[in-house]
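Got some structures for you, see below.
You will see chain A twice below: alongside chain B first, and alongside chain C after that.
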Partner chain A sequence: MTEGDPMDHAIVTSNLNCRYGAVKAITDLTLQVEAGTIFALLGPNGAGKTSTLRVLMNIIPPASGSASVLGVDSRKLGPDELATIGYVSENQHIPRWMTVDQLIRFCKPLYRTWDDSLCNTLLQQFDLPRDVRLGRMSRGMRVKAALVSSLAYRPRLLVLDEPFSGLDPVVRDDLVRGVLELAGEERWTVLISSHDLDEVERLVDAVGFIDGGRLVLSERFSDLHARFRRIDLTAPEWPSPPASLPTWLGVQRSGRLLRFIESRYVDGETERRIAAMAPEAVIDVQPMTLREIFIALVRRQREVSR
Partner chain B sequence: MLPFTVTLRPGRSLHDQIVFAVTKAIVTGQLQAGDRFPAVRVVSQELRINPNTAQKAVTTLVERGLLEVQPGVGTTVAAWRPVSSVGRRSALSDSIERLVIDAKRLGLSLTELLDTIRREWK
Partner chain C sequence: MNQALHVMKKDAKRLRWAMIVWILIAAANAGLMVGRPAFELQGFGITMVFAQLTGLVSLIELVMMVLIVSWLVHEDPAVDREAFWLTRPIDPRRLSLAKIAVASAALIGVPLVAQLAVMRIFGVTAYDMARATPSILLGQGAWVMALMAGAALTPSLSRYAVFLVGVAGAFVLLTSTMIAAAVLSGDITASTARPEVLDPLPPLIAATVAIALCIAIVFVEYRYRRIKWGAALAAVGILLIVLLPMVWEPFHGRDLPDPDPGGWAQDEARVAPQIGSEPPNVSDEIDFGRRGESKKRIAIPLQLSGLPGDFYVRGVQAHSRFDAANGTVLSTAAEMVPVRRTGRSDDAQYGEVAAIQGALAKIPLRGRESVDEYELWPVVLSLTEREFAQFGRVAGKLTATLDFYLARASVAGAVPLAEPRSMTDSRRRMDIIGIDRRGDACTIDLRVVSVGAAFHPHYFSRDEFVLRNAGKGEAVSAGVHDGGLHSTSALGFLFGMASGGGGYGYDSIGPDGSGFSARASRYRFPPESPRGEASPAIDPAWVAGAELVRISISYAGHVTRSLTIENFRIAQ
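After this line comes the complex of A and B, so read on.
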């Protein structure tokens, strides 16, 4: 299949725009999420992540441009399509007067693919009491209940909007474990927006970085991880410190130490180039976590927009 | 629980960390020839990692002859097949070159480096 084949992508958006009155929430967003992958949409607060997910779920219409989800125009998503998509959002409405048992009895008839044994496995794993009203549960418990009701029908696409925010590490760990219950399903796709980058780092195949409503990058995580390095150069003295290259981010100097982030690192080649520029310098190259890369990208964006 | 010791650290390639952990488990005898190796789904769930990453790590281990896929049985730890001494040494040459460069940068002498290796070897 070719790169542009819609069958190969669970989600494709093209020049998507979305506004709330005069406020632009998304600008010319063109994004592809490959089927069978876990994709994280990252960005600072107010970047447009939730708006993007809401357009994709046909909760709000785009002002212009288009989005297709599992091969269907997002504006035409109806009950049949939504029965193959799981959506769990931070701001989701959940009937607080229902117990977990009632919620499950309510959801089950809506989905032809509902799997009782998976539902029970998840309830057990999550340690969810079945007879307590959702309104009386902690937020973590309610998110777990929402996830059970969205996973039990084995959706082909799972969309998670800030699923971990404000939850303790044990609950977050349970949730990740629950999501991975579906791992191994054929061409099962997950789109997740989250600030919990340590959790996300282990999960993702690809990341999209969005800022001010625009997509700044969209890339396989292994490629992103391979090209970002924190580099420390220590020289006995810097008669004339090497001029900063355009691929260097956040250049700082303190005494004998010159520190920066190389955003186009190539194993061996980068070291050789630096050695040619600063033959005296001791080079220390360290890989970076997703959290560190994210912070570097946000800082870079702030510098550019200044 | 997985039958081998692995502690994943953020910022390093997950694939490499898993391949290293399983290789180490086989070398130290924590995993032995014929032992069942957990399914990709289980590795993914236990480590809370992407199933595609777990799959790639298992594929690498199979390619390196450390694991083998037996139809109908699943994945098992392969029988230990020592490669020739030359082959084993050449497999390490990249790591050794890097180690020597790092040691020189840090100003370690060969004796100091060998002492460090000896301590690690035990």
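After this line comes the complex of A and C, so read on.
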């Protein structure tokens, strides 16, 4: 991502390290999330996504490096800052003995910016019954309740740690529409860690890819989407197939077909370069979904780590 | 502060059903406490049922206390990374304040109110209630805050339960190791002759330090969420409680000036040690350590003559030296051994009955004649087997400095034999709650309500009761039957449960006399003779003219005397 005025960034980390005993969870993570954008933090299981979010929320301390959230050192995040941040995690322990109504009544006095009308709108939108105990609700309903209690005060920053994992597609769609569209409309900054890439793809402005505790890439989704292409080369025969370039990922050859992912695609120029390398080949260029890009990057990382 | 109240309201709502159960337990405990003096004299069956009921309520109380603390703290756990409050604008200091306030109000306040109600029912004055309150508050507070600290160091009830079991196990292991080490090393040298000052202050200071540290652990865990820091604080606290007594006198008990027995004690010609005619008693010294040779203790019959009639010797400590004829010197510092004296007609219980008789002056006390008893003989030499073999039959010069610790019996009050009648002093109120006049005996049920101040060090003191008929010029002693319920604390309850006993309830009186208790005892005048010997009969006419006399027996200071026996032989 481009470096800009730090004041334009809701989140800035610099050489951030975090460890659990002898296990390193984050290594030299340097990341910037622009204010007012939806940033998806992607990575395989155990990549360090949750640890990153926990450090940012001052749930665990960093071993070294620094993290700034809304202009405040993450280690100094206190009630004043948390009043402007919403956080929902898949594992968060919400008070199951409370009804939705009791949860809202407990949370409301904690926030000066609590908006009753937004809260009611969200309750209706998510179809949440007010008088049912959270413990008796499905996981999806509990996530919805947690989201309502984290959105109704119009947070400047919303941090979501795998909020949609394990939910059925209908609930996921409800939540994505409800949360991310609202965040987009309100120009809130959203940092979301999720495996549900299809839903996120529609709305994210930027993505970061983390693996083994290290940030592999971080850029605007439009740029990422523009530079990744699946390319199929079909030739009558390959007397001397073109040498694989460093920008090609997942190169596969099957008979007359050579398939790979170009990670530095430039419209027109890439085709010309390939044509020069394999003049007899038919070039088929297909855009990629975020899921496909994610899988390609994960496989590439595994190859590199081998 | 508003936020703390907000969290308190939330927790109160969350715990409302548990609170109702807790209040019911408090009411049950209070009811058991009120009923105890009446029930514990109703015979073995009822007493057992009552004891089991008390034990059951105490067990439920303990379990509920642990559960309520867990529900309260683990609702917003201090060390759980997925806790709801962590990412909400909740001030950790206000959150911990709210938790401690709810725990204090519910788990300390409710039992305190119940105990004060019981005291009120038993007629304890507001002043005495205020005097007993610090002990009750700090005793219960230490338990509750220790549980709070444990909960603050754990994320869930299951981990908390494992933690508590671990702590209890470690405590038992540490205690038994320390006791075993002390026994095996033979370092148990506490004096039993000189009475200890019963000072409630040290346990109160320890409880205060423990409470302060536990509260600090709760605050630190909520503020910084570092288990290591909390554990370090706990370690510092334990060290503080262990080390503070070494540098700060009030922490390990205050010294009281020794009571002055009276001017007569200075008269060395009148008050002098008298050796009896019996030969020295030789016994094996108990040595669990068996680090060296086993030892023999040589004790001699020694009386202190010239004591006023209401005094008796309750213990003797001797510092002795034996100069054998060949120039060998053996030195010993020792106390006493019990030596059985069969068929003695006087000074049963080491002279206590004689002292009671002394306190009654010219009115003869009947009912305790012809008693087999042990006497305490001062140990004047402690020898190894080899020394004993070498010097056992050798004459030598024995010189000893003897400290005679005295007790005194005195008439502390008397009431006509009628219900309801009461006798009071600064710590106790005794009510006659039942009189059963039979043909040749009289049984009196006494309820003793004790209220001990938290800041009042004192020496031991206890009561005996006799029936005195001044018109007939006679008094009779009593056989006593205590109630069967004894345990006095949660820890005592735990040990009581382990040993098959039970009964904790709201009896908060400690070994130092602080706190509150209400118990009942049954006195039979005259006592039933254990050997079927004839007891002195008292008919209804005798009882009608009698009064119940309370004899107080208390520590009365000590006198020091020297003793020299020129031609002393150990084995004669």
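Please note the rule applied: the second predicted complex is superposed on the first by the 294 of 306 C-alpha atoms of A that agree within 3 Å, B and C clash if a C-alpha of one lies under 4 Å from a C-alpha of the other, contacts with A are read in each partner's own complex, and residues count from 1 in each chain.
The definition used in the following text is that a contact is a pair of C-beta atoms (placed from the backbone, for glycine too) under 8 Å apart; a residue touches a chain by one contact, two chains touch by 3 or more.
Given the structure is predicted, the values throughout are model-derived calculations rather than measurements.
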Which of chain B and chain C A:D80 touches, first, second, both or neither: second
Which superposed partner A:G184 touches (first chain B, second chain C, both, neither): first
Touched partner set for A:I59, first chain B, second chain C, both or neither: second
Partner chain(s) touched by A:V266 [first = chain B, second = chain C, both, neither]: neither
First, second, both or neither for A:Y111, with chain B first and chain C second: second
Which superposed partner A:V282 touches (first chain B, second chain C, both, neither): first
Which superposed partner A:L217 touches (first chain B, second chain C, both, neither): neither
Contacts of A:E201 with chain B and chain C, given as first, second, both or neither: first
Residues of chain A contacting chain B in one complex and chain C in the other: none
Contact set on chain C toward chain A in their complex: 2-3, 6, 10, 13-14, 75, 77, 80-84, 86-91
Sites on chain A touched by chain B in the complex: 36-38, 173, 176-177, 180-181, 183-184, 198-199, 201-205, 222, 225, 282-283, 286-292
Chain B residues touching chain A - in the complex, by the definition given at the top: 8, 10-14, 40-41, 44-45, 47-53, 105
Partner chain C, residues of chain A touching it in the complex: 54, 57, 59-60, 78-80, 82-83, 85, 87, 89, 91-95, 97, 102, 106-107, 109-111, 159
